[in-house]
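My questions all concern the structure below.
Labels A, B, C and D are assigned to the chains in the order they are written; within every chain, residues are numbered from 1.
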């Protein structure tokens, strides 16, 4: 068991454990935090996959920004008490079909694994495959159009968010009541 | 032991967990988080393939991961905005409440 | 083929009554009573004149000539080509004369009899009577089976219209409907017979049918049998006779014309017209003879017990028609036709006499309430007596000669079961004497048994005239066909008609004039039947007068006899059997069938399908229950299935 | 020149008139009625022109062929032969009469009524003249909509159920036909929809031909209607307005039989003759069953509807028996039925206009007060039950004669229908006209007026003329029908 194997195992445990926890916690905050753990795991995996820039980006953007945004919203709406769903209540019937569905998805997605190679090809030490420079060159030479489009997507997302949940004067008596 | 096969298994696990979260949970926050998890599962698979094929193809894999992150961010943003609007209207975040559009 | 001038005028025989119908029918009410009274009888009169012309032309011409006037092509479809045309030969001329002659007299009689009808229905009556004359003449002068059938059903329609003339009373309308439907049953058999004929001989023309008649594989027998079933419907023979007694619901002149003299004899005429075809089907001839004989006997018995004067005459007609069919059955076509002619005369006289009686008694038809009319209506009594005696077969009147010819023909014929047939024919003749005597005594002798009978009045004017002329014809009619035995060459009618069937090789016609032995036998037979006629009459008169009381006591004492009389009065319950076996099940069955099959089965399936669609819709609704998670689950499941399907190649 | 577009003119004149009527002011009912009647009569006159220029021996005439849907190869290809011509004439004759008959009876939405009728006339004419399968199908479906409206909007109390049942029944049938058309189009190499081409194109496999035959036959059986598919007819007739009933019975029912002859027979000859005994058996059941049902009815229109089932049974027996004589008889019977049943419905319309009821029980003793109506009804009733000398007889005689040559027992059984016909029709006549006047309302009813007589006169005259001179009409349709039945001719 090489160092890589060990660290991969740890990362995998973090990823799957975090995700599993996130999905099963009653409280939204716990869920968000377990997701952060899961994303840290993913970041480590990127490092192992010779994608240092991605690893850093994962930790900074995903774990650091998006999930923090989630936490921010959870705090804003004071949703800590969560929704009485998983444990009791009427969604009991959906628990089993969801599990079955998840299992089916897992089996299906894991199928390709059975036919692909078991070890990595040797990594040439000097070409800086995963380094920021290599990735930068790839992004700006081959995929510039993709990035322009992503820029647009982000812009649209920002405008959309403001439009949907923009700063409106808070109404005294919300319609429909709590 | 650490190989493409392992990475794919893990990403499948992430994807499955995400699906479970989306289908089973009534809390919209958890649903959105599950979606994020599913996206990461996919991104991990791309990175693994990137590592496997190296060269220009490898970089392409990594570019996709980068893109996924951007799109995930945008999606999270809009999702949460909708969640805010929904919560302001319905004082709760239970997806079962939104039943007006039924047959 | 030499052409005679009359041939171009033949269509007038048929056209005159049609024009009469059209004119009176369309403008009758406006024309006024006088015009209608003139126009009505004029139509058969004109036809009579032209028919007489045709007769003269035929008598002058060589034997078996045929006057023909093709009119237009009905349809021409390659294999089947039918043309409408008129054809007058000896047989047709005779019938045409009877129809138009007797028809004219009855039209004249009707002017008086229907005098009290309001203008509208008075015109309607004469329109229908003219339409009937037209249809009957089309039947008589037709040159092929299709035109014949047009006349055949045409007279059926007119009998329907005239029986139900006083349609306000539903009973009359029912009687008319019954007549039409029973006739229709017979007509269906007739049409099927036409199909067999067309299939067997490839033609529907009378001339070619008679010439090419050959019995290949029983088709000729089948075809003639079907025609005969049609004839039983039209000429009221067993088993389709039930409509004639009810047909008495129509005005009496109608009964005289249609249900005694002309329409009902159409069946006999049909067999005469298809003589050649029937000759090659001896089996059918036997059936005809036997059915005729049984009908004669059955009708004789029923007539004996009837209380209504018109019903007695109706059953007597059925009986006499049976006798005519016996004659045709044994192959004696000429004597059958001779009896048809004489029957037309004396039966018409009897009916008109009865009409005069009913008219005199203001509608009273029950013999039980008549009596003693001889003193109050001497002229009517005399004429009716003449008719009655002719019917009973008392020499020297017409009935005697024609009935003898038939009895003699039966005696010498070669029909299976000849002796039994002879016996039954003689007993039928005897029965005739009995019921005639009963009717005459009940009506004319003894004391008047009701107020109406007490001051009955003699018919005047047109009714008396027609009655007298017909009575004279009934008396002198025999001269037409005196059998060979009486005087050589006396059977003018037989000689006139015989050539028509020359080729047919039928049985020894009365006029054929066998050798001395036959003549001797015929004279002896005539003596015997004359004596029988007179004696039976005497017995009948005595039974109703002197022995009346004893007879009644006998009936009371013996329940068997009483039941027999009730049965005879009730026509041996044939109507009830038909009612129960056919009519009621048909009506009830159709209602049930509608309820069960149409509404119950087919509609249920259709409406069931509609409800099914509704149910399916309700079942599918929860799929869109608004549950977000439900949609997500569906989405995921669908994606999984899709990917599995897409990668199916990979699994195998 | 005008004559080579005569057929299109005849077919689309009513449609043009419909557009014209649509533009007329809604309240100007007189103008609306006048214009539509004028157009309908003009169509009839033009169709007479068709008959005048028609040569019975020369197959299809007045042909017009133009591009329609190029990619599919569907063409606007119309033409008339003996069979189509007589049916076109029947349509153009009945339409004006139906229009004139509803002069007073239709009070509601007069404009829409006349537009629907005129569109219906064009659709009906289109069906009979179409030589292109797709064009045939378009007209076939187009005919449904106005008829549905006629029953649904201007019908009696239960009109919704009846209209819906009529629509769904016919549509279900014609959808099968559509599937058949598409399959056939593809099977014949997607070249085009021309009937001639399709009939003579590449041969179909035996089971293939059977299924296609059933796809088409189902649509036509519903339309005829043959026995199991007939329950829509009584409901549709009971609820339809007079004009609707006249056209429904007079023309629409003929499309089923016409479909069998024009489409099913030439396109799938072997399958047609293989299933002909079954069709004939259903026809005979229809004859007897229809007559029995008519005997059990209390509603006058339902009675006539069932009698139509019986008459159409004769038509189908003629066509399915396989004998050219019977087939010509069957087609002739189609015309007779159109004339006599059309007239019967006009008469019932007259009665309904006066008494607003159709139940036999409500009538009785009308003959005294209404002699002209009684005579007309009797004449038409006799023509309907096939009295020799009138038109019904010629048709039935030929059908039974022809069928007898092929299968005697069938003809004998079907013959019973003739007897039952007399039973139910005379019973109906007696219930309405004979007997004493029981209901007071029947006493002072007005007899037929000039307008009603004008509507009935042509039909009454036709029953006599077609009865005495069938040869003249048969000469037009026999060559075509004979060619169809003896195989070959499209």
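Heads up, the rule we're going with is that contacts are C-beta pairs under 8 Å (C-beta built on N, C-alpha and C of every residue); 3 or more make two chains touch, one makes a residue touch a chain.
Since the model is a prediction, treat every value here as computed from it, not as a measurement.
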Omitting chain C while every other chain stays put - resulting connected groups: A, B | D
| item | value |
| --- | --- |
| Centre-of-Cα separation between chain C and chain B, whole angstrom | 100 |
| Gap in Å, rounded to a whole number, between the CA centres of chain C and chain A | 106 |
| Whole-Å gap between the CA centroids of chain C and chain D | 38 |
| Mean-CA-position distance for chain D and chain B (Å) | 67 |
| Touching two or more other chains - residues of chain B | 19, 23-26, 96 |
| Where chain C touches two or more other chains at once, by residue number | 629, 633, 636 |
| In contact (per the touch rule at the top): chain pairs | A-B, A-C, B-C, C-D |
| Parts of chain D lying in touch with chain C, wherever the complex brings them together | 165, 168-169, 228, 230-232, 289, 292-293, 295-297, 324-325, 328, 365, 367-368, 371, 382, 387-389, 393-394, 397-398, 400-401, 404-405, 408, 411-412, 415-416, 418-419, 422-423, 426-427, 430, 433-436, 468-471, 474-475, 478, 482 |
| Chain A partner contacts - residues on chain C that touch it in the complex | 629, 633, 636-637, 640, 643-644, 647 |
| Partner chain C, residues of chain B touching it in the complex | 19, 22-26, 31, 95-96, 98-103 |
| Partner chain A, residues of chain B touching it in the complex | 1-21, 23-27, 29-30, 32-34, 36-37, 40-41, 43-44, 47-48, 50-52, 54, 56, 58-60, 62-63, 65-67, 69-78, 80-85, 87-94, 96 |
| Chain D-facing residues of chain C, complex | 72-80, 84, 120, 146, 149-150, 152-154, 157, 160, 164, 167-170, 173-174, 177, 180-181, 184-185, 188, 191-192, 194-196, 198-199, 586-587, 589-591, 593-594, 597-598, 602-603, 606, 610 |
